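First chain A sits with chain B, and in the next complex the same chain sits with chain C.
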Partner chain A sequence: MSERGWTLGTEQLTDLARGAALLGTGGGGDPYIGRLMVEAAIAEYGPITVISPDELADDEFVISTAMMGAPSVMVEKIPKGDEAVRALRALERHLGRSADATIPMECGGINSMIPLVVAAVTGLPVVDADGMGRAFPELQMETFGVYGIPASPMVVAGDHDEWVLIDCGADNSRVEWLARGACIRMGGAALIAEYPMTGADVKRTAIPGTLSLGVELGAAIRQARAGHRDPVAALRERLGGSIYRQLRVLHEGKVTDVERRVVDGFTRGTVRITGFNKPGDAARAGDLVISFQNENVIALREGQLLAVVPDLICVLEADSAEPITSETLRYGQRVRVIGISTPDLMRTPEALAVFGPRCFGLDRDFTPLEQLHPTAD
Partner chain B sequence: MRIGIDVGGTNTDAVLLNGNTVVAAVKAATSEDVTSGIVTALGQLRQQHDFAPDHIDAVMIGTTHFINALVEASRLAPTAALRLGLPATAALPPLVGWPERLVQAINGRGFLAHGGHEFDGREISPLDPDEIRRIAGEMAAAGVTSVAVSSVFSPVNSDFERAAAEILTAELGDDVPISLSHQIGRIGLLERENATIINAALRHLAEGIVTGLSASIAGEGIAAPLFLSQNDGTLMDVEFARRYPVATFASGPTNSMRGAAVLSGETTCAVVDVGGTTSDVGVLTAGFPREATVEVSVAGVRTNFRMPDVLSVGIGGGSRVRGHDGRAPTVGPDSVGYRLTQQARVFGGDELTATDLAVAAGRADIGDRSQVAGLEKSFVTAVLDRISTDVADAVDRMRMSDEPLPVVAVGGGSILLPDEFPGLGPVLRPENFSVANAIGAAIAQVGGEVDRVFAIAPGQRDAVVDEARQDAVDRAVAAGADPRTVSIVDFDEVPIPYLPGNATRIRCKAVGDLQIDRADTRALAGNGPGVGGGVGR
Partner chain C sequence: MSERGWTLGTEQLTDLARGAALLGTGGGGDPYIGRLMVEAAIAEYGPITVISPDELADDEFVISTAMMGAPSVMVEKIPKGDEAVRALRALERHLGRSADATIPMECGGINSMIPLVVAAVTGLPVVDADGMGRAFPELQMETFGVYGIPASPMVVAGDHDEWVLIDCGADNSRVEWLARGACIRMGGAALIAEYPMTGADVKRTAIPGTLSLGVELGAAIRQARAGHRDPVAALRERLGGSIYRQLRVLHEGKVTDVERRVVDGFTRGTVRITGFNKPGDAARAGDLVISFQNENVIALREGQLLAVVPDLICVLEADSAEPITSETLRYGQRVRVIGISTPDLMRTPEALAVFGPRCFGLDRDFTPLEQLHPTAD
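Our next item is the complex of A and B:
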């Protein structure tokens, strides 16, 4: 085997967990449980090889692995442990072809970690890229699918040594619909293998570099804290050189209400953040309300649009900039809310047709963050 | 009048308070059995200002005894953790991520069994009584004396935890206490389970300590109710403390910060509490301790308590000092602890402690100064500089910006600190600074809690939430809180999807200051220094 890629060890996982929680934009599930699973897998099977999309041969075969379900279920019902690998193996058997690598479908939250568990256990390399560039609540919301890759055939595996194979041809929304049903029957959280594709497909459709970006964003927060610099400024600096480019501070305040429920297999709800009303900062006075469906979807202050999906809306602890996920939001937390612009590949008409505001039941078009806030704060 | 007592690792402090006025304040050494130290402190308090036992309205005790036991990994019971959830959750068994040293200290054993619920109320698998009995047999054979039980989604459905506890008690006997996770934590299996295991490991210690505390107060003829401080700065009765020692965990820092706020009049500041073994640095923002957010580790174990954000460094009054012959001196992290008054040089002992150095430098006049007269001046300076640098560094790490932050020093060991931290500014030392913890305990708040399943009709959520909040406020007031000071400190909403009518478990806690005593203040005028202002929250 040719030497390619770089080695990911346990020491980078803390940074990755923090960076992935940020890119999770409120959802994606708390990476902590995933991190413990990767640590256990590395301890048993050794470190993980990460390769860039460019290092894939065009005809190599790649299968995406992930966890699906409601984040508030994932923090309570931990996996049995072998589900993701069983899903991958079942899909390989069905297709009669072995995977040469696995790839995250989602770089935010716990799904930054699940492919690493699979990589450690199977010895397959993991590709430094993903299909969401953040976290999204539904399986069809993938750049893979936006640019022509079918999600199916795919496998959903549960904790009772069970798995379900779904094949809907090219209809990725139908895949989501059926897989969600299986996931709910399996207890609201399940492991999946999906979007089987070639190395050429990955290079054409994936958001590149998001695994290493997660590690770097986590490190930027850690280093800024150690050096008494503003972690948000450090994030802005790191994102400035990336395909994400823009960061805006939207609001600062205290969490005064959280409404959250599990509906149709998702954690849905709203959070109200009452502004600190700092003198001379009238722009941040008033209440900011964020609606979430696993991930933060839209931020409005007194009815005024501040940011909307697919741009990232992230709630951070006010001082330390530790990302706070929607299931750990609590009354009384002091927070800063930031917006991050998504890469261009996620803002095309084809992409917005799959994960733009209207796909979340909002009656409005996408407005880019940098258009809502022309100048950096 | 109220008595506040703080039982630390080294000192037992007691204060007699009339309203917010400190009438008497004393410091005694903590005894190994805890209680005789309290008896000594109460005796001294009486000498300073005699009081009739029936004039005492309440006694409040704050103690770091339980968290110290965990941090030191000593006095812990051999503990088993049983989790109900198979075949799910096997990827990360109980005690995952715990420091090895602590697992050994509790002789920790994790067991996985069938049971648990899905989010929608279905069973993951049925509870298997034979499996639980077999595990109970293994626990008994291993010498387990305390058990923690967790079950997946038990905050929504606690049936399996209760059923397993019954079987375990039948098999292991009444002497093995069972701690149930749904009574201790919220959604988040690992964090809730960890807190439950910690609680279980402390149950036998709590039994002994709580009995001793009650006896020492009763021994003084005081019939007033006895309370312990909880993590959130509110009070709990002794029966509750017996079953939930883990609820005392963060009371030390909370008490010291609230005491410091009252004493100094500063509401936004860093508070450095220098005890016998450690210096704990916290930050008050607008009178509230800054809360640790996402990840709260206690002795290396991840939990989901609401705790103040505190950074501890191993420097205190009892810290051992080493280094001579031109080598750089070291201070701590080991400490002579409660043996300070026997082992420190100024008290005639052989150990060189940080307190000896403070006396040698003339910062304090404690014990026999001549015992440290022979220390070289350059050595004394070097040691105190080391302490100053390390503590200042901890304060600096707690600052989240370069904006200046006043530093308030409290605790008996704060004599170790200089009058000014280089680069940070002056160190404020309010009157009675050495007993801030005991004052914080005495002014602890009273709470009212609602934990109930509400049916929420469509569009009625706001009304239901208001009802729950008002109910919590009313209960706090009924418990003795001053209505003008009551506020909601915790609100948690867990939907229960399988019950009809949009059933939701709401937990809401309101707290407020205890109404100021009715005692006649004129008779006490001029006794002891006044304490300024109201309570800081």
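Our next item is the complex of A and C:
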């Protein structure tokens, strides 16, 4: 293989962490610990090569690596460090085939970082793409699976040197069910290697460019702050040219209530954001309530739908636009809530059957953000 | 390999089921469903070859097969039928080595039968020995593990064609923890293949002769009934020449209370047996209380210890001596409760550290049955 891709160094990691927290749409785990892990891995093993899906040969072999668990646990239960690589190696041994690259399962939260740790330690390139285009709480909620790739065989590795290999044939929801059970018994967070596939599979099923997009969104926020411009305007500008396209400011206000619990291995709850009630902006006067299962699932203001999965609902610190994850929400925070439209590949009937509103127990169909808010703010 | 062993046919299965229910000491699951499975397998594939541990070559490869789960679930959730063989095959593929024989994990309850199903379907011989010498609720509670054999890699297979492979190195308690989690998510009962080992390992660590002992104990009860002799006396006679040696009648009475629940994948509870209060037998006048975790763990009469794990505590129908399993106990049953001493291999300090009273949360050391009751009844 000739030289390909570009080099990711520690200088881009802070931007990536911020951008990934945004794309994590409340979940995915705070990227902070992941960033420290990548920095340590780069310091020990050298920088990371990032390749675009187009640079993969069709017959190359790619394994997705990630952390799974409730974000509330993931931010407190620091990985031992070798679990993701052990998961990858165990899956390689089982399949009798070595990976040519790793790819993020989700581009949001800590899972923007875990594949980078794997890439640094193993020397494998990491593919600039992912299977969620954001963060989702469950393993079957991946475009890889939506478009026909089995999640299993897959491996869950814990911090006691133990690992579990799961094979459910083509039943990706059963993989989620069994892997979640293993994850819970490993302490609520574990590292995984899943969705083994070819380069051709990646090109057909992955959301492209989401790793570099994460870096760029994080940089856009940073640069806007430095230039005393509105970071949300900078985000809108950057997204305009991307496959995400639309951004809407949904609400501005103060966090007045947070209800949050860890149930069945997920962080579940709601946050209430009471509008600033600005003169002349009656629409933002009410209370916005966001429900989350790890990630923000739906935003309702006085019963009116403002945004729903799979579109992104992001809570940002009001002035700095720093993304606030679901486990760090707390009373008194001044926030802006934005919605971002997901790529077309995530809005097909097949995709909505796997991660549309009904998959989160909601009795409603998906309505695109730009249909709910026809004109930009 | 020259011809070896003896042939087990369907005619011995009813005796084995009864003997295994006795050795199941309340747990292990009712062998009834297992017996039907073996009968069907023999009808389709032919009879089963049983070999003694001594007939194994030291370098032959043996894999233990079994069902795991709460007995309350095991008697209601009928296996699909191919799970145990799928578990065995998955473990063989993972290890890159085919089994030369299978061996029971436990000789009590349904797990006397599952390896016979595997043997009939695969044509492998089944070893006349096991790793518990009775039934125990947890996978690390096996003499295989007590004497140095790792339980993992092992496989748990469910009835949706799914399977999970678990590797915890030498930590057999962690295998139990993760396998139990998988078993619960598979519906509370699943089939397993575990403790891969050599013929030399079997000879060193297994309790020998427990499959044929089960057949003989079942036959002894049947023959005594037919000859209008006391079945318990017949059991005592048969055990006298075995590695179990001692039998004591602990109590006779009526079941006056049963408290039973399925918790964390186990059937837990207590049974109260109010003594018949026979004239001249003041010692049996009180209430006997047996606590069980799948299996009967401890028998106390008015606070006085009568028997405790790993010795066997068996509840028998008073006249017929039919064993009553923990999930079929009910108010009004007339019963005799007997204690049976376990083989020496199960009473070493290493063994008691794994399945002695403290491993069941009891704050007491093991006291042998024959020390609690120096003279036979």
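For this structure, a couple of remarks:
The rule is short, and it goes like this: the second predicted complex is superposed on the first by the 376 of 377 C-alpha atoms of A that agree within 3 Å, B and C clash if a C-alpha of one lies under 4 Å from a C-alpha of the other, contacts with A are read in each partner's own complex, and residues count from 1 in each chain.
The working rule: a residue touches a chain if its C-beta (ideal position, glycine included) is under 8 Å from a C-beta of that chain, and two chains touch if they have at least 3 such contacts.
This one's a predicted model, so the numbers in the text were calculated from it and none came from an experiment.
Legend: residue contacts after superposition of the two complexes on their common chain; A:M37 is shown touching chain B, with no touch to chain C. By the touch criterion defined above, A:D319 reaches chain B but does not reach chain C.
Contact with chain C, but none with chain B, is seen for A:I166 once the two complexes are overlaid on the shared chain.
After overlaying the two complexes on the shared chain, residue contacts for A:D230 are found with chain B alone; chain C is out of touch. Set against each other, chain B and chain C differ in how many residues of chain A they touch, and the higher count belongs to B.
Once chain A of one complex is fitted onto chain A of the other, the partner contacts of A:S72 are limited to chain B, with no touch recorded for chain C. After overlaying the two complexes on the shared chain, residue contacts for A:A151 are found with neither chain B nor chain C. In the superposed model, A:L13 lies in contact with neither chain B nor chain C. Shared interface residues of chain A (contacting chain B in one complex, chain C in the other): 160-161, 184. Taken together, the chain B residues at the contact with chain A in this complex read 85, 87-92, 96-97, 116, 118-120, 122, 124, 152-153, 187-190, 285, 290-291, 293-295, 302, 396, 399-402, 461, 465, 488-493, 495, 497, 504.
Within the complex, the chain A residues that touch chain B are 32-33, 36-37, 40, 70, 72-73, 75-81, 159-161, 184, 187-188, 228, 230, 257-262, 317, 319-320, 322-324, 327-328, 330-334.
Partner chain A is touched in their complex by these residues of chain C: 90, 94, 160-169, 171, 174, 177-178, 180-182, 184-186.
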